[in-house]
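First comes the structure, then the notes that go with it.
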């Protein structure tokens, strides 16, 4: 694994400060951080909690690829991707992505590319548990 | 001051986790955080430290305006802007902006709008201290 | 040949197990595996998409499977 | 009328003080103040820009100044 990347899938709560600290580097002038969190509602249904499941080996491999693609498109210093799995409560962080670059616009663009691509290709699945049932997100048309 | 905003100018070190915690809200699904940091170089000159000076009352007023503009353009939940002043070392955070929104693209766009506008209009000045001299940034054409 | 297939998310709920073993002709490809599974478990036809990963990488329809491959069914992902 | 003008960043370095007092005709506007200051301190002409804030708000050239206004010179900003 290239040392500009740090990819992690974990059942432990994510810490934004830790992702930020790892993204910091001498030549960095900008760090963009995206945090996905558990919302209290989907449409009008109240979310009780979320369950995330990963095909872990492949998920890490796909996230490494995405980091490599981002590093080939923008002059990044560091890319941190921490993804939570297991049971999450409303308000908890599901994913933290931190990208450091010399100049700020690159940090925004690379970070957005990473979260957009991650949502399309990384084998992680989210089940929403409502007060009145549960559902795998996006499973059905 | 509207309670969706938290604007701060401080001589104390900035904490990313704190800005994140304040940006978190029940209906939030996404938080975008931008951190500006002191780079070790400008062009090829080594930066020893930076000094930030603010016209504090007006700076806070201008940042509130920017937050209001962002809140009128995107469906934001919270906007946090913490700006450091005083003497900073390489690697330290100069500004932390956190924007929470229900959906992720809005968080990226609002956060980028805020940092871009802040850099144009907020009366804060940066002096770079090099090994061989010092300079107010952007002062001269 | 005997293939072992890992199941995740709604695919696991549909089958009711984390892993299944299927018996297919030698040199069967990804399309053949999917056809077989969609007949055995018709609920797979209701999914928005169903992909196959071979050895931790997305595989195309024409990719030929081998007995020692690590094969996984990938229903629509929803990470992030 | 006597106006007190706050100075920041390079404007403070040019003048050598955090604040100056200037004596201008009644009803002088922002453009008049800037003209006066650029004559007194020619280095202001070398700046990329020089704006005036009145009572914590950017003021236009034609804005008329009053004795109790909080007036500040705003050289090119570089926050963030």
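The first chain written gets the first letter, and so on, giving A, B, C and D; residue counts start at 1 in each chain.
Keep this in mind: a contact is a pair of C-beta atoms (placed from the backbone, for glycine too) under 8 Å apart; a residue touches a chain by one contact, two chains touch by 3 or more.
Computed from a predicted structure; not experimentally measured.
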Distance in touch steps, counted as few as possible, from chain B out to chain C: 2
Just give me the whole-number Å value for how far the CA centre of chain A lies from that of chain B. 23
Between chain D and chain C, distance of the C-alpha-averaged centres to the nearest whole Å: 72
Find every residue in chain A that makes contact with two or more other chains and list them. 36, 115
Where in chain D do residues touch at least two different other chains? none
Touch relationships between chains, expressed as pairs: A-B, A-C, B-D
Give every residue of chain B touching chain D within the complex, in rising order. 36, 52-55, 57-59, 61, 83, 94-95, 115, 118-127, 136-141
Contacts from chain A onto chain B in the complex sit at residues 15-17, 20, 24, 26-41, 90-91, 100, 102, 104-105, 107-108, 111-112, 115
Touching chain A in the complex, chain C uses residues 6, 8-10, 13, 46-48, 53, 56-58, 72, 74-80
